[in-house]
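Each in structure tokens, the structures are laid out below.
Presented sequentially are two complexes of subunit A, the first with subunit B as partner and the second with subunit C.
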Partner chain A sequence: MGMITDGLPGFLEPLPGGSAVLTKVDQLVNWSRSNSLWPLTFGTSCCAIEMMMASGAARHDISRFGAEVVRASPRQADLIIIAGTIVKRMAPRLRTLYEQMAEPRYVIATGSCTIAGGPFIYHSYTTIRGADEIIPVDVYVPGCPPRPEALFYGLLTLQKMIREGESLRHPGERRRPVLSALPEGMTIEDIQAEMRDLLVADANVKMSEELAEGAHWAQELKDF
Partner chain B sequence: MTAPVPSPMASASPNPAGVRITSLEERISGTGTGSSPLATQEYFVNMGPQHPSTHGVLRLVLRLDGETVREVVPVLGYIHRGIEKIGENGTYRQFVHLVDRMDYLSALANNWAVTMVIEKAANMETNERIQAIRTIVTELQRLHSHQLWWGVFGMDLGAFTPFFYGFRDHEILTDIFEKTIGARLTMNYIQPGGVMYDIHPDFVKDVKEFLAYFKPKLREYDALVTENVIIQQRLRGVGVLSAERAVAMGCTGPMLRASGVAHDLRKSEPYGLYGRVEFDVPVGTTGDCWDRYWVRMEEMRQSVRIVEQLIDNIPEGKHFLVKPAAKIKVPAGIHYSHLETARGILGVLLVSNGKDQPYRIHCRTPNFNNLWSITEMATGGRVADLVAILSSIDIVVPDIDR
Partner chain C sequence: MQDSPPPGEDQAGEVGFAQALLAAAQAIEPATVLRDKSDRITLQVPAAAIAKICQWLRDDPALRFDLLYDHTAIDWPAENRFELVYLLAAVLDPQPRTRDLQVMVTTSVPRDNPVIDTVCGIWPIAEWQEREVYDMFGILYTNHPDLRRLFLEDDWEGFPLRKDYEDDFMLERPT
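What follows is the complex of A and B.
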């Protein structure tokens, strides 16, 4: 593998038609990489339990997506699922684990704590506000903790990213296909407009509608 | 060659397994035991914070002589998030959701502990329905937590099958919680003045179906693990903790009861509806890993018994008795309340200065004291037994570090 990934681009590129072959080799390599991710058992808190439910237990069963070989040693793993809060004392260890992992290595950050600090974002003197301050993160999975299904969506996104975003010509560089996840016929402007409407709707409350909808709460409020 | 660092722990430990602890000089000169003239050297091994058997980010520093553990020192702080300090900056109601993240396997009991101290201090009223719902969901979560422990315990001993069996039943219970509470793990359900939502219309039916399904499964658990000769050989006589030492080190919950002390807050200071239901407190005899295993298995049966008695007659009434947005003010002073979680006694100390924010909060968490017993239980044993002992304590690391 090392011979192919390191030597092939320099050998094929000067040949006539070599670029087309190289693109095919890219596809093959990315396909095999994306379907044989070996995650590391790394969990610091609550998200680790949901990760166990997703990866170990029979109902959700992560092996359907080709990522079931969970390893305890970072040297045998190429995917780290950061499950749980990272605090200042753990941060150097996380960095060490990341550097010990086999290349090319991928990172999924699960849970609000690893995205921005989660419930510990204010007034905590130890929490790292987001794991991306320590190591580069490929996919973020929100939730507190995220459901196993959410983790699977994150894993599928990562697989898509590996398949479409890497080339042997530029090892270590990834293109992030952010817009490729959009449904057909939808543009980023539509989403922004929708977000604006949502924010406006969130910020304004029509009391008459609220009371009509939530008759239950209205009754309860009247009792006091 | 340097002499090993003299440790106060090694000289003070009672050496339960009967292993003679010899110094390095004795070993080298062959005068100590007289059995081996070969020179051995003690060495340190770092177990964790990244280790599959430490259930998170616990770090143990081991002083080993060959395979024999001479000393274990837990090193903490790898998940210290300052939950108690964050609690001082929010209102009382905002503190409840933080304790979910402390011992995430018994989040409801944690919610209830905080709720209990606030309700006691602020003289808030509850009704029968609220207490019944709280008792049932907390008892179901004790079951939930023990199921997960059972699966992970099997995996730590080298058997992968219990993990599948434990999680199969764990998921059914998770679904029941999800229907009523809306969360799978971090519940934020029991609040000062009631519970967040009323129970789902299917709740009673689902729980009854689950209990009918789960009771035969306990027999299956026994056939798979409890009656297994290899498991028994690995657990009996390993990691013995005497009743005196258990009390002296502040162990609580199944750890304490396995050592032969029948102390359970559900019996001695009944809260919720525990005073009205019939259940036994399983007590071990020797305090080894096997007793701790057996006590937890029996507790699962008792939890089923408790829920069966309560599920048929949940009284009618409101599920929330204060205004949803009302500010809670606790009178100035020091307030304390405690209850029994799946792992032991969780006590919450609240210092109030009469405002709507706590002045200081301290949580006496069960895992911190339970963990420290490993310094005595594992000393003199083997490295392979250390994993069994650690797993039989059933630790949750964020609860230790908070």
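What follows is the complex of A and C.
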């Protein structure tokens, strides 16, 4: 993949109409990348519990957004969710893990600890005040800990960033990091509605057909 | 603690047990006292007697405290001492008991000379717990087989959980 995507812009761009084709290829590549973010198994303290709630527990299902293939090896992962306090001894390990991940790689920092040191910012002999002192962060998800919904919202934000902002013309270029704080007035229902719309848009199951056939699960999902 | 009996019923039994324990401990170390403000039975012993008392608590057939489930220290700079805390439980006891036993043993060492006997001959897990306390408070355990830092880097200077610890990395809270 890497060789093709690296060579493609140089090959397509000079051709007549190549630019338009490349834009289409971009869309395809970004769509597949944003829907197959494989996170690394990485969690250092309380926020990790919340991440497990999002990725492994019953109520919230991160696999609906293509991010459930939690990998134990950084070589197979392209997303690192920094969940939990980073201390001085962890910092070099975090850096190593990040560098071992294959490009393109993305970073979500969840919780105030990874954003700024959180409750341990003062009088701590060891807490790193912000994971972005160690590795570049794409999306910050504030909270102590953030609710699973907020983590989902951060993931949706990252997917949006990938779909809209990336191009094979500039591989590896980093966009400005974003703070994925829930906007004023945003409620859990809004996030759930956004997730539902996304699922319906991406679905390989046609809800309308299922509903017409009277599938009760489809009715329940619709009423949810 | 699960299944603890209703308070009224247990009170008498607990007090009786504490008095019996104190009497037995005083036979071994006369300076032992019961601590009054505590959420569980607590024996305060002089630092020199810690190994003797712990050995007895583990080996006495009526007690058999076979698990040292926590060991830590508290820094009291105003009183110039470190308080060492040993939390004991009896988990492998074959005799049925009316309540599960947990006992705390505390002792104090001077801040300027924090030396005490190790208990890792009694409970091997103490080897790790004492390493941690050494790492954070700088308590020196005599006869410990491997007293090295546990969590911090080997070249760390100072003991960060002491109240007077400071280094360049720390931020003061702006007032």
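One rule holds for everything that comes next: the second predicted complex is superposed on the first by the 172 of 224 C-alpha atoms of A that agree within 3 Å, B and C clash if a C-alpha of one lies under 4 Å from a C-alpha of the other, contacts with A are read in each partner's own complex, and residues count from 1 in each chain.
The rule is simple: contacts are C-beta pairs under 8 Å (C-beta built on N, C-alpha and C of every residue); 3 or more make two chains touch, one makes a residue touch a chain.
None of these values were measured; they are calculated from a predicted model.
Annotation for the three-chain superposition on subunit A: subunit B and subunit C clash. In the superposition on chain A, A:Tyr122 makes contact with both subunit B and subunit C. For subunit A, the partner that touches more of its residues is B, with subunit B and subunit C as the two candidates.
Within the superposed three-chain model, A:Thr44 lies in touch with subunit B and out of touch with subunit C [touch as defined at top]. Within the superposed three-chain model, A:Pro145 lies in touch with subunit B and out of touch with subunit C [touch as defined at top].
With both structures placed on the common chain, the touch criterion links A:Ala58 to subunit B but leaves subunit C unconnected.
Subunit C runs into subunit B after superposition on chain A, and of the options 204-212, 222-230 or 240-248 the stretch responsible is 240-248. In the superposition on the C-alpha atoms of chain A, the part of subunit A touched by subunit B in one complex and by subunit C in the other spans residues 89, 122-126.
Of all residues in subunit A, only 41-46, 48-50, 52-53, 56-59, 72, 74, 84-85, 87, 89-90, 93, 97, 119-120, 122-127, 144-145, 147, 217, 220-221, 224 touch subunit B in the complex they form. In the complex of the two chains, the subunit B residues touching subunit A come out as 49-52, 56-57, 77-83, 85-86, 88-89, 97-98, 100-101, 104-105, 148, 163-164, 167-168, 170-171, 174, 184-186, 320, 323-324, 397-398. Those residues of subunit A that touch subunit C in the complex are listed here as 88-89, 121-126, 129.
Taken together, the subunit C residues at the contact with subunit A in this complex read 151-153, 160, 165, 167, 169-173.
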